[in-house]
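Before anything else, here is the set of structures, which you'll find just below.
Two complexes come next, and they have one chain in common, chain A, joined by chain B in the first and chain C in the second.
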Partner chain A sequence: MPSQSDTPTGWRPRHGVYWLIIMPALAMLVLLYLVPLADVLVTSVTDPKPGLDNFLLLFTSTSVQKTLLTTLRIAALTTFVALLLGYVVAYAMRAANSSQQRLMLFCVLLPFWISVLVRSFAWIALLSSRGPVNAGLMAWGLIDEPLPLVRNETGVLIGMVHVMLPYAVLTLYANMRGIDVRLVAAARSLGASRFQAFRMVFLPLTRPGLIGAGTLVFILSLGFYVTPALLGGGKVLMIAEYVAVQINDTLRWGLGTMLATTLMLSVLAALWALSRVLDVKRLFGA
Partner chain B sequence: MSDMSDRQGDIERFVQNTEGKVYSRRVFFGMCAALGVAPVAARLSPAMADQKELVLVNWGGDAVRGMKASFVDPYVKKFPDRKVAIDGTGPSTSRIRLMVQSGKVTWDIMDRNLHTALEIGPEGMLEKIDYSVVDKSKVRPEHAVEWGIGNYLYAMVLTYNTKKWGGEVPTSWKDVWDFKKFPGKRAFRREPDAVLEAALMADGVPFDKIYPIDMKRALDMHKKMKEHAIYYTVIADGQNAFRNGEVHLGQLLNTRAWPLKQDTKGLYDWTWNEGVSWGACWMVPKGAQGGKAIWDFIAMTQDPQAQAELLKSNGYGPVNPEASKFLDADWNKVNPGAAENYAKMLPGGIEWYAKNATAARQQLIDALSS
Partner chain C sequence: MLSPVPEPLVRFANVRKSYDGTVDAVSALNLEVARSEFLTLLGPSGSGKTTTLTMLAGFERPTEGRIFVDGEDVTDVPVEKRGIGMVFQNYALFPNMTVAENIAFPLRVRGVSRGEMNSKVMRALSMVRLDGFGDRRPQQLSGGQQQRVAVARALVFEPRLILLDEPLGALDRQLREQMQYELKHLHQRLDVTMVYVTHDQVEAMTMSDRVAVFSTGALRQVDEPRRLYEAPASLFVARFLGESNALPATVRQHDGGSCAAALATGETVTAVMPVRCAPGSAVHLVVRPEKILLGKAAQASPNRFAARIAEVTFLGDQTRLRLVAFGADDFIVKLANTAGQETFAPGTEIDIGWQAEDCRALAE
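== the complex of A and B ==
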């Protein structure tokens, strides 16, 4: 939608034309997205009987609570690791020359083009007890027994961090690029050590990037389905898979849609909170 | 068999359906499945208007070719004016419900299992089997119920690596729970049927005391197991975990253990001992249009020779005990329905699962999740 301020005043009467142009897309969005979404919301308070019984399960069902806690824990850990690794990569990218930057950007974006399914199976092959990682570590004599790297929570974390890393890197890089490097130089000239200049000048300036990247990664991590299902060995149940079980197997659609609704509301709440501290539009390059 | 209604299956089905060896109708069904179109949309197919054609719904893959050769071809030979189309998209419970409740029943015969027949039959989803045409005496008593008649057998069996423990191999679930004697990763399916039974057998419960299942006792056993095991949701994934050496022992479907043994030239093998056998069955959706032709077809599939042929094509065990006579000793070794193999196994408790499957599945998932 063109915002009012961007449009010269003389063109205002033609706004109707723009509306006509976006009508098909808007109609499709309403029909294929908003209507089913409304159906999900309605199901969550009507199945099996009208009322808020499904939402009460958030407070009474240990099964639901356990899944929510697992989801939050894994999303938080993924966010932490992705930020840590992403920060280093973004920092290096900022310091590199332009051809190095292009190469690094390419390497960061490469995983984006590969299906999550394929990547999950690749991790299983790499990290399993007979995979190259364990075989290599044993050949060097670093370990005697293969490490349990996959089909458990460790495997889920590795897989999820891998998927989330580009989001963290790109958001942080966009933020770091806007920082005036002369500020660090100024701090150094005033007698700060390298570490002090980083800690007291550069790091605080990247705070918006960290908050933005953290929120983005955290929100996306909450909804993971394929990665935990494959890399978790059936023992790491996150909310998306829990919803799938309710819809496909136990046929408790009220419970499934309630969790989907809860997930959506949490994401919206997180975005709202983010918008209070940051200019969200600028953060995502809009 | 909901166990095959996995994503892997969808993909296999779609590949199979688009290889060009099939008639257009199956391509259509396959595309419906791949696109996630609701089954009621299938009534748009013009071929649906053909009243003389029965629609048999099974789980795709080799079963389409196998059932066509063993069951459909002899039937069409006997009744040249009739036709049978096989739709491999899988009669899952939610799809059956959707079709029967919509009132547009386009399926005639469904390949599912006995405990589902007992679960959804009383809800009015299924026609009662016409035992004046279908012969109850051709199956064991536990394989004929009011809404379903056994069509083949499958079993969840103890599968193991033959070389890992210097000539020793596990022969019972007790061995599988013995982490010192048989170190190595285990594999179980993340579904209650047979997984709970194995735990109880390992804890010393005799066959006749397994049902009704003591959930707490079974789940406690799995809480001890879970750090040593993976719990697969997609059966092909479980089979793969064995093949690439990730797991060394555990529970696998007999129709997967057999190709696993062949693929690995005997590195993996299985035992029928303490396996859990299940009857797949024919079910007919309430309001099916096929009439008497349905029962004629089902009666013909009870032929022991046809069932013996089906075993050879894709490992589905004959439910008619007579079929063993049409199989030589080598084939009977892989036949879960052969008398000596069947006697070693626990017949799965279909009445218990008809009532408790949903709750048991949820409790198992909860117990396994970190």
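== the complex of A and C ==
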């Protein structure tokens, strides 16, 4: 075709240019992320000898099982508490006027800018037996002995909920903002009390938000390392720390990578299950 | 304004509502709704129709005044205790429930037994001609069908009063007309009281027993559609309902219900004066375009003037003439398309006139 030469055939070269531009980022991703990840997967079935022996430990080793159970329990509790508190905050944000909303959003996002490390030490200081929380409670005469709030599971839970709360609030708030307030008004006009309108109309409509926020918080909680290590006082061993110990101290690479792989596969499975019930993209506002 | 029956179902007594404390969204409202009546609140955008309705429903509290339903002061009764059904403009169907569950909602919150609930829902569904749609989700219905579900949901608990806020606003013309008919039919069959909001005057005329016309928060007139059209009490109402020719004039003298007024161009006109105005005050003389007599017919009328035809538009059922008269060029005449109707050509000089009772002297 004669006309082809005079059409502005920028298509091919320009396409190539795009590839060139994203190349460095892509190369970094492959080299620093995908390759090590593949290495982890391979190591989990080859070290110390090829086979699924490492994965068998999931069913035989009590220490592995105990760590997994602790991890699941703490992640579940964190999710529950974060959802409960997050729901209240998101609900209040939705009801507030726009200047209050901005202020609340700022407060919710504030912890994001403070390192988890700093926050953990701050919690230790606050919650220790001579910290301001216990001191205050004793001064008021509410308790006689300091409560064991830190260096145990309670401390881990408090710290983790604090970190997870913004995720829960933001996801729930995004969902709640999409709910037509007139539906609640309609329910009231049809004879529902405030509570009935909430329970029968509003709450069911926030189900996608609850599932989404719940999954997000649960998945993120599974991999927590710094917070349980510091606030648990060495007594609360979650899977991430267990993996670190295997790799750094006992040098059992096979076991460590197996647990990492298990964690990753569980997360992927959870996401897949979630995508079956929900439109994940819409949930996160994409 | 005459009150329709001795004991009205709804009574607004001196109700005022201000959202921000400076501007009144509704002011000095005194309005009664009779039992079994279909009353329409009509008015331009922002005139306070929705505000009036939401105060009656219980979503907003009047800044001043009281609202009575069935003789009981409901001003401080919460929404859910008022027993008033409401249909919203956007339908407000619950997306997490099926059609049947939506309709059952008001019964469920009232603790109605399952058996009774089912039979009532079935009856409501067939009342709005949606038998067999009970298991669908609202999102799976067309706009008109969703509208009908909303109506069924407001009817099912047999409220003493149903409020509808521009319920047909989102529908296309044809569906609108069909739904107007269906709603009116339901109203007659169920003998229920309905208060309806619209800014469409044709819709108001079609459906209502009486129409309440609002402008900028004030109730201007409440009357039967026909009287509202034939006997508007103000220039606003005359202009808002149908077309009018309005000629500025000054009152010269009045006696009883009529007056003589002088036009700016000097002619004196005799007109009906529903609201008494002192001699010397400015009024508008309002004549409907279809009441104008032309040519020979005009010569016999008491009010007779010279005019020239500027434009002729044939509209099928009627012909519209635009005339140059009284120093302006926007005098409108409508002629019904009847047998033997004369035809007119632009540029023709012609006599126009009207009967004294067809002309009303109205203040702003």
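Simple rule for what comes next: the second predicted complex is superposed on the first by the 266 of 286 C-alpha atoms of A that agree within 3 Å, B and C clash if a C-alpha of one lies under 4 Å from a C-alpha of the other, contacts with A are read in each partner's own complex, and residues count from 1 in each chain.
Keep in mind that, in the parts below, a residue touches a chain if its C-beta (ideal position, glycine included) is under 8 Å from a C-beta of that chain, and two chains touch if they have at least 3 such contacts.
Given the structure is predicted, the values throughout are model-derived calculations rather than measurements.
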item	value
Superposition on chain A - do chain B and chain C clash or fit	fit
Which of chain B and chain C A:K66 touches, first, second, both or neither	first
Residue contacts with chain A in the superposition, chain B compared against chain C	B
Contacts of A:L29 with chain B and chain C, given as first, second, both or neither	neither
Touching partner for A:A95 - first (chain B), second (chain C), both, neither	neither
Touched partner set for A:A273, first chain B, second chain C, both or neither	neither
Which of chain B and chain C A:C107 touches, first, second, both or neither	neither
First (chain B), second (chain C), both or neither touched by A:V42	neither
Cα-centre angle that chain B and chain C span when viewed from chain A, reported as a multiple of 10 degrees	160
Touching partner for A:M200 - first (chain B), second (chain C), both, neither	second
Minimum C-alpha spacing, chains overlaid - chain B and chain C, in Å	42
Chain B and chain C contact sites that coincide on chain A, given as residue numbers	none
In the complex with chain A, residue positions of chain C that touch it	57-59, 78-80, 83-86, 88, 90, 92, 94-96, 105-106, 108-110, 153-154, 157
Chain B to chain A touching residues, read off their complex	2, 92-94, 185, 190, 226, 229-233, 237, 244-246, 358, 361-362, 365-366, 368-370
Residues on chain A engaged by chain C in the complex (per definition of touch)	180, 182-183, 185-193, 196, 200-201, 204-205, 207
In the complex, chain A residues that touch chain B	62-63, 66-67, 70, 124-125, 128-130, 151, 153, 229-230, 233-237, 245, 248-251
